[in-house]
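Working notes, structure below.
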Amino acid sequence: MFMKNCWYAAAYSGELEGGSPLGRTLLNEPVVMYRTSDGTAVALEDRCCHRHLPLSLGTVIGDRVQCGYHGLEFDAKGQCIAVPGQSRVPPGATIRSWPLVERHGFLWIWMGDPGAADESLIPDWWWTGDPGWGFNPGPLLHIRCNYELVTDNLLDLSHLGYVHKQTLGNDAIVDFPVKTERADNMVRMTRWIVDRPAPPLFQKAGGFDGMVDRWQIVESRPPGHTIVYAGCGPTGTGTPEGPREYDEGIHIRALNAPTPETDTSTFYFYGHVWDFRLDDAAWKQEMYDGFLQTFLEDVAILEAQQQSIDRDPGRGWIDLAVDAPSLAARRQLEARIGLEAENGTGRA
Amino acid sequence: MFMKNCWYAAAYSGELEGGSPLGRTLLNEPVVMYRTSDGTAVALEDRCCHRHLPLSLGTVIGDRVQCGYHGLEFDAKGQCIAVPGQSRVPPGATIRSWPLVERHGFLWIWMGDPGAADESLIPDWWWTGDPGWGFNPGPLLHIRCNYELVTDNLLDLSHLGYVHKQTLGNDAIVDFPVKTERADNMVRMTRWIVDRPAPPLFQKAGGFDGMVDRWQIVESRPPGHTIVYAGCGPTGTGTPEGPREYDEGIHIRALNAPTPETDTSTFYFYGHVWDFRLDDAAWKQEMYDGFLQTFLEDVAILEAQQQSIDRDPGRGWIDLAVDAPSLAARRQLEARIGLEAENGTGRA
Amino acid sequence: MFMKNCWYAAAYSGELEGGSPLGRTLLNEPVVMYRTSDGTAVALEDRCCHRHLPLSLGTVIGDRVQCGYHGLEFDAKGQCIAVPGQSRVPPGATIRSWPLVERHGFLWIWMGDPGAADESLIPDWWWTGDPGWGFNPGPLLHIRCNYELVTDNLLDLSHLGYVHKQTLGNDAIVDFPVKTERADNMVRMTRWIVDRPAPPLFQKAGGFDGMVDRWQIVESRPPGHTIVYAGCGPTGTGTPEGPREYDEGIHIRALNAPTPETDTSTFYFYGHVWDFRLDDAAWKQEMYDGFLQTFLEDVAILEAQQQSIDRDPGRGWIDLAVDAPSLAARRQLEARIGLEAENGTGRA
């Protein structure tokens, strides 16, 4: 059971270029996306109401998508408006449509009650369009695991020292405790790693060769929109007790939106923004490659974890201190899903 | 549930050359076919009664097939007649056999009551052996879809303009209505496309550079034996109101026998016959290649359609005017299957 | 349902070199094996109790295995003894461990009641370490069939004339009957093939160019530990009525331990020992290659047999005289499994 009245990342903006429709299963539903003649992206049911061929195998004609089997045409609202060989469109010849909004380099779909779709609830990932920040989207990762395992992964960064030894991890992380804050519809995990060497990627990023103060601040909102605020500066130039991040050093945010394909598979959308070496194309590429390698290390772990869970789905697990943030996020999401079952909106 | 008391195409004649047994699942049953020493093709259960190895992994020895595991030998009726190492054949050491008849370049199997097998019910595809016609069989296509979707496809040729734009389709088709005739055990779809350009394949076939009158006459009989009478001649040289096909122009028949492998997979047997350019080997090859390309376009559509249906098997669909023939054929087949359940023969 | 209170081959000794943990499913359970710092092999549940990642993706550190996700460490008894970032190990942070014993070139696991594990029950394959014998282990074969089909195969060598014509088979085998002996916890099949040509592999092995007396003596003990005593000598130099094997000729034993991975898949461990041409490395390689080819011929048959059984699991089969040993072995195994269900040990 998924939360429905919320936005999910459905595609990267760049995936809808070229004029072809794009088919993708989201929350177990077949979805086709395309751009109308003015560039507006729309999302319809990816199944012709006539003989059920996916419309993603068809053709975009102006504002319409035409089925590739018998030529039925649907408008951007999912209404069939042309049937080859007959003047009358049969009653009921409609397919579902969903609100789809393009923002911050992503297309966001609302799969619940269309009347409740509120664009102000789209994650505010403003850095992606800000000249003071660099931005690397994606690529899209398809992971054969439940999407909540991805959020668990992001909210427990103690795994960096084991899964990502070559890039982000080092032994220092687990020496410092995490703080968990629960807000309305948000969980925040904070860890300050004080007076320790920078991990390999940060050493390359900022040229740090002495000790640094490093922060990991992770904010996650249902259904799993998660920002990782990461960075470091020379030891003593800031303070964990002060503002959320301090001005010194380098700042990176990892923007994460894992979207369920099915109960046991996920489309993992992500991007990185950073505020240093903005004119350095080689560095931009290095960021892209480094984080992709890191995320692929996670994919291997997450898929093995899902397979292990599937062997014995009812088996419990042991919780540790570092699990407090991910457990809090799971509880928030579960509460939202419960509220949707009760009142249809998921809002208290 | 399949119709059983009827003939299904089980193989092309050419598939049984070379002396090896051929294993194939038909209507969910494992079938092995081979030729006895006089060339007669036989069909037996593809499972040794001893330890269940498929006999198709064994060897043909004279009129018998020998199991490849422990050497049991079965005659053409499925009776075990030799057990290595013992003189007595155990009682009950038999496997099923089915009537198998070779005709028109195909092997036809009767999977229902053997006593009811009537060779006069084999489709009369006489053109395949007639010197006035060319004949291209196959090749065998394996399609991951229910076999009735193949018959639907053949009875609604409005898809030619969308699926087969490069070969058989053009926009003209859907401008002309279809006529549906229901006979005893047969549905006929007729469409005349009058005074329009010929499609690409027909232009090449007959050198038509002006307008043509083109016909599509499709006759389908349960469980899906379907002949497509197709052709065209110069506009005005014939009449839709006249005989079923007229003497002018070029004549092609597509002979189709989709056989269920399982509920959701099909062996699609087909052949084409034609009455022009009979001595032109290059044209024969071009026919073969052109129709194969066309049919592979259908395979892609049909498999995507089946996958889409499987996502939500109970979902209804919208019918159009062009669906009248295929709906009539589905009803005829359903009635035959219902009669078999009632009286065991499928005949009223 | 498997017999649990017995030893199963879990790995070849050589598979645990190199310091990495080895994950393998045995009797439907996930098992990880590794060597502690003194070389002792241990077997634990291949699933971290924290977030269920297989420990086989982790790292061996001294006597411990460390989870590759969050760094939990487990000792050789399955007790978690270190959790990064917290001093206290949560109660219940343990995983299963199983007795694992290294002997005769194999690692043997006891998956039932650990208190009942008795090393004297490990198959006594002493030849593997004896200077008077050559020894070729493995390689490991993974077969998509139930493990009892492997034992059936070994206890009915009438298949040699059909499956292994090129190596071990010839027509002579089935001319001679088998004798079946049932002992406590053991079935013995004996066949003497008297005054016949040697099969191809034996001709090469012993240079036999005349007639030979050849024996096949197969002893199988639950859950399927099976020794094939095979060999031959010049005709008349020994006697079938005499000792179990006579001194003349060449002696080969095939040591077989098929271990269930799941109900329909098997890890097939095997080895061959022989008492001739012991200093001939080329012959050793020829034995390895020849038996591997032979066993791969069996794999093809066994997998096809399992697929055929899976099509219609309830269908009975016909028994022959040659099936007496395998049927006796199946009954012994079934009785042991029944006893385990009754009294937990499987011993009468």
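As written, the chain order gives the labels A, B and C, with residue 1 at the start of each chain.
Following the convention adopted for this analysis, contacts are C-beta pairs under 8 Å (C-beta built on N, C-alpha and C of every residue); 3 or more make two chains touch, one makes a residue touch a chain.
For clarity, every value in this text was computed on a predicted model and none was experimentally measured.
> For chain A and chain B, which third chains touch each of them?
Both chain A and chain B are touched by C, going by the contact rule given at the top.
> Look at both sides of the chain A and chain C contact and report whether the same residue positions are involved, with over half shared, or different ones.
Under half shared, hence different.
> Could you work out how far the Cα centre of chain A sits from that of chain C, in whole Å?
Distance between chain centres, rounded to whole Å: 48 Å.
> What are the residue numbers in chain B that touch two or more other chains?
Residues of chain B never touch two or more of the other chains.
> Would you pull the chain C residues touching chain B in the complex into a rising list?
Listed in rising order, the residues are 152, 156, 158-159, 161-163, 174-175, 177, 300-301, 304-305, 307-309, 311-312, 315, 317-322.
> Which residues, counting only chain B, touch chain C once they are in their complex?
30, 46-47, 49-54, 57, 66-71, 80, 83-86, 90, 92-93
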